[in-house]
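So, here come the structures, one by one.
The following pair of complexes shares a single chain, subunit A, combined with subunit B in the former and subunit C in the latter.
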Partner chain A sequence: MKIVCIVERQRRASIKRPPTPDAEDETDREPTIQEIINIKLIESGEKERLKELLRERLIECGWRDEMKALCRAHARKKGRNNVTVDDLVHVITPKGRASVPDSVKAELLQRIRSFLSSTAL
Partner chain B sequence: MTPAPGAGDLVHLLTPQQVGKRSVIFVPVESFQRVHNLAKLCVSVILIMSTPAEDNVSSNSQLSSDLFGDLLDSIIVDVASEAHRIARLGLDRNLDEEEVELRLSAEARARASDPSHSGEANGKYVVDIFGQTHPPVANEILECMNCGRSIMAGRFAPHLEKCMGKGRKARLKATRSSNAAQNRYSRGSPLSTHSPYSNSTGPNRSNGSSGVAGDENSCGTLREL
Partner chain C sequence: MSSRNSGYTTPKPCKHLANYKLKHGLQGYNLIQDFFKINPYGRTMIDKSKTEMPRCSFCLGYQGRFYMCLICSSMSCCSSPESNHALFHSQSCVGHEIAVEMERAELYCCVCCDQVYDPDFDNSMTCKHLMGLPGSGNGVVLGGGLRLSKRKRLDFGVDLDLKRTKRLVLSRDQRSKSCFPLGLRGFNNLGNTCFMNSVLQALLHAPPLRNYFLSDRHNHESCRIRSTERLCLPCDIDIIFSAVFSGDRTPYSPAAFLCSWWQHSEDLASYEQQDAHEFFISVLDRIHQKLGKANVVKENGDCQCIAHRVYSGLLRSDVTCTSCGFTSTTYDPCMDISLDLNMGPCLPSDYMSKSNKPNASTADSTLAGCLDLFTRPEKLGSDQKLYCQNCQEKHAAVKQMSIKNLPLVLCLHIKRFEHSPVRKMSRKIDRYLQFPFSLDMKPYLSSSVVKKRLGNRIFSFEGDESDISAEFEVFAVVTHSGMLESGHYVTYLRLRNQWYKCDDAWITEVDEGVVRASQCYLIYYVQKVLNNKGGEDLSCHPMSTRADAFVPIAGCC
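Moving on, here comes the complex of A and B:
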């Protein structure tokens, strides 16, 4: 039996980076499983490969052009010089997440899962 | 207090007394995501228990989805920042408005070509891109370094042709002096036809040498400048 204890914490996705944590925070917190995996992923170079693969697939299927068209339309509506990157991210993110083709998503998930099973957890 | 929509099927896990209070509930891990929403409203700590076999698969899939979302987010940021750059620099307009600009430039060219046709006949009314008009023949006056005459700039090249070597008279001058040089240095007896020239080579050569000297002088002055 495995018991996992979770405390509710809100995470806001934004470009603005959080301030660097103090030394006290570092020593108090244990690295979560997710963080350990993330570090393993980055160190082995797999994250970069996965990102490149995803980018390539999304370009092939036209997802990137759709997103750029959305951005262009939004920029025209708001006025060319009034858009911010944050703004565009918030515009694209919901539609972007929803419109990823299933085949692309399945392929990436497959690769991620095989990586997770290959690294001993 | 009613729980959030999307967690309806798990409401039964809460007793009425637990709603709105801090409490602990046990749920299977595959329903964790939905319980998350429930948790935001009702409970602050959740203990999740499951069997090890289920555990790996479901936590794996959860982790995979999270990682995929992470990758997708960074790609979204890339696309957004590139689109932002294009919008700010006005590069996206160029693709559409290129046609408009081409049309405008063609019209401008047509407009410009009409007066220029009449201008070529006229000679003085061709306007360049800075709005200046130029006479067909350049009218600055310069001094020829070979013969010392003052020549108009537009007539300078033809004058030099005649003066220095290409024209008929100039070539005769040159051939006279070169033949004379050959006659002087060749061992064979000079032909009688060349003899009348031999008298005239002296003054010609002196002219030529003075011309050369003049060249050197002018070069010297140029260098001084």
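Moving on, here comes the complex of A and C:
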């Protein structure tokens, strides 16, 4: 749970920050631990495997069907031509995050932990 | 690739996409063609570099959805409507409005903040993968020199000429007291032969097969095989057709047929209960053996014997290496499709209190579920590692089945008998299977399955089989009740929208509810286009005025 909290906090901070056209200033800063982990996950291909595992679990437990139903309901309410992808993502994301089963969270965390322990940071 | 869309109506492009196309045409699409990848799990994406993490040019963030501008290739992220850097990009660089989403390889309009569709984009992305060009990571291996026909003509080749129809079909039989349609006749059980009786009923009423024999295409009196080899199963079948359609309602004893079949298949000759499916396949096999050689084989290698013309389909098997994504494709003919019972919908999730999902163990299996299971990508076990041509080593693989060509008559075999050679035990699965009377096989066709694998695209897949009917109607259901060793087969036939139960010698009218509730084992579907006149009562009208009952169906081009 610890790692997830850190990532959440970091992300929230970056969202609130306004976009700066001079991105060159930022390249000098040290990469955060989250970034390093992310890089390692991507480079080793583990991120792709984890994503695939997550997809499988979320389909198995009916979460994806639930989200599909929510999307349909939203599209019906707003009218088919008044809905954009951005809009749907924005509306569904909080509900989606809230309804991920604990067992799925635990399994993925376990996988990430064992990955981290097996790789040099 | 055909630009004809089947079932997809291309959404109208937004003005930004239209402007982009006017100015840049296909330039941008072609530039990123090589970055379009399909990962081993079947996900399509844009992948510029396997090792580098994409970063937003605005905030250097590495999370959220990423969009790559089709004009300047800069990367922008989008995490929320307030933090949509793709939108900012379009605002800061005039004209940079169209981007591609990295994770799914789909077009996005930064101004409309919505996904947009362009068949040219989809064509550009997927053309290499569909053509199987070297270096694109996909090989297409055709088994046995089969040529993939670009367009399959609806050429049934079954002669339905009026003039040659047997005389006995014309006359209304005065002996017949019942109002049952012609062709319904019970079979006596000759000693555990319900497996044979049930399948015979299903064969007798398969419209193309019935039409073939009733049009006198194989006359047992003038058969050459019979005079030379003495054994000809098609002749015995012809005799049964004559007997069943004669109008005589007294139960018939197919003793001669049984004896003939025993002689054809010595290993199955006994009074023991046999498996109906095995019997069905063996009968088709014997028909092919007798009639297959005589028939001229067409250039594309398909056998033209009546058994193949009616029941033969083609299955496609795609095996993908999980290490590099290389897919190898093979085609295999099939006379039926054997389906495993799917175990119903998934387990309920307790936190979603509002949803009312039934428990997996109590939910019913559906035919759609079984077909889904059949076409689902299956991870081959670690003990089944296959040699990958691309990697030159053995790797774990994913296999996916789909149907390339549908037969005229589709036999779906539900695998209810489980044999375990290890434990030397067999058991029967009694689980109820819900099946529809009208079946649309489109989602299970190769064109649909492979299309889905390529992501969310708008285009038609190599000679899209939209001129092939994928709609089927049920006409016969062979059911099994009881236990493995001591069960009983019964066939339900649908004639003129009325269901009849054929239980050995006893034929009775039943409600469709009875059929729906039965334990199906072999379900026979016929292509809807063939079924329209198939259910007509042949006894009620003289042939001369009922010309359309045997209309030769022109091949459609």
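One rule holds for everything that comes next: the second predicted complex is superposed on the first by the 96 of 121 C-alpha atoms of A that agree within 3 Å, B and C clash if a C-alpha of one lies under 4 Å from a C-alpha of the other, contacts with A are read in each partner's own complex, and residues count from 1 in each chain.
As a convention for this text, contacts are C-beta pairs under 8 Å (C-beta built on N, C-alpha and C of every residue); 3 or more make two chains touch, one makes a residue touch a chain.
This structure is a prediction, so every number in the text was calculated from the model and none was measured.
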First, second, both or neither for A:Cys61, with subunit B first and subunit C second: second
Which superposed partner A:Arg80 touches (first subunit B, second subunit C, both, neither): first
Partner chain(s) touched by A:Leu108 [first = subunit B, second = subunit C, both, neither]: first
Partner chain(s) touched by A:Ser99 [first = subunit B, second = subunit C, both, neither]: second
Which partner reaches more residues of subunit A (counting touched residues only), subunit B or subunit C: B
Doubly contacted residues of subunit A, that is, touched by subunit B and again by subunit C: 15, 38, 84-85, 89
Subunit B partner contacts - residues on subunit A that touch it in the complex: 1-8, 13, 15, 33-34, 37-38, 41, 47, 50-51, 54-55, 58, 64, 67-68, 71-72, 75, 80-81, 83-85, 88-89, 91-93, 96-97, 100, 105, 108-109, 112-113, 116-117, 121
Touching residues on subunit A, where the partner in the complex is subunit C: 11, 14-15, 17, 19-21, 23, 26-27, 35, 38-39, 42-43, 48, 52, 59-63, 66, 84-87, 89-90, 99, 101
Touching residues (chain side subunit C, partner subunit A) in the complex: 39, 41, 43, 51, 53, 57-63, 65, 78-85, 88, 92, 108, 112-115, 345-349, 351-352, 355, 357
In the complex, subunit B residues that touch subunit A: 29, 39-40, 44-52, 55-56, 59-61, 63-84, 86-88, 90, 92
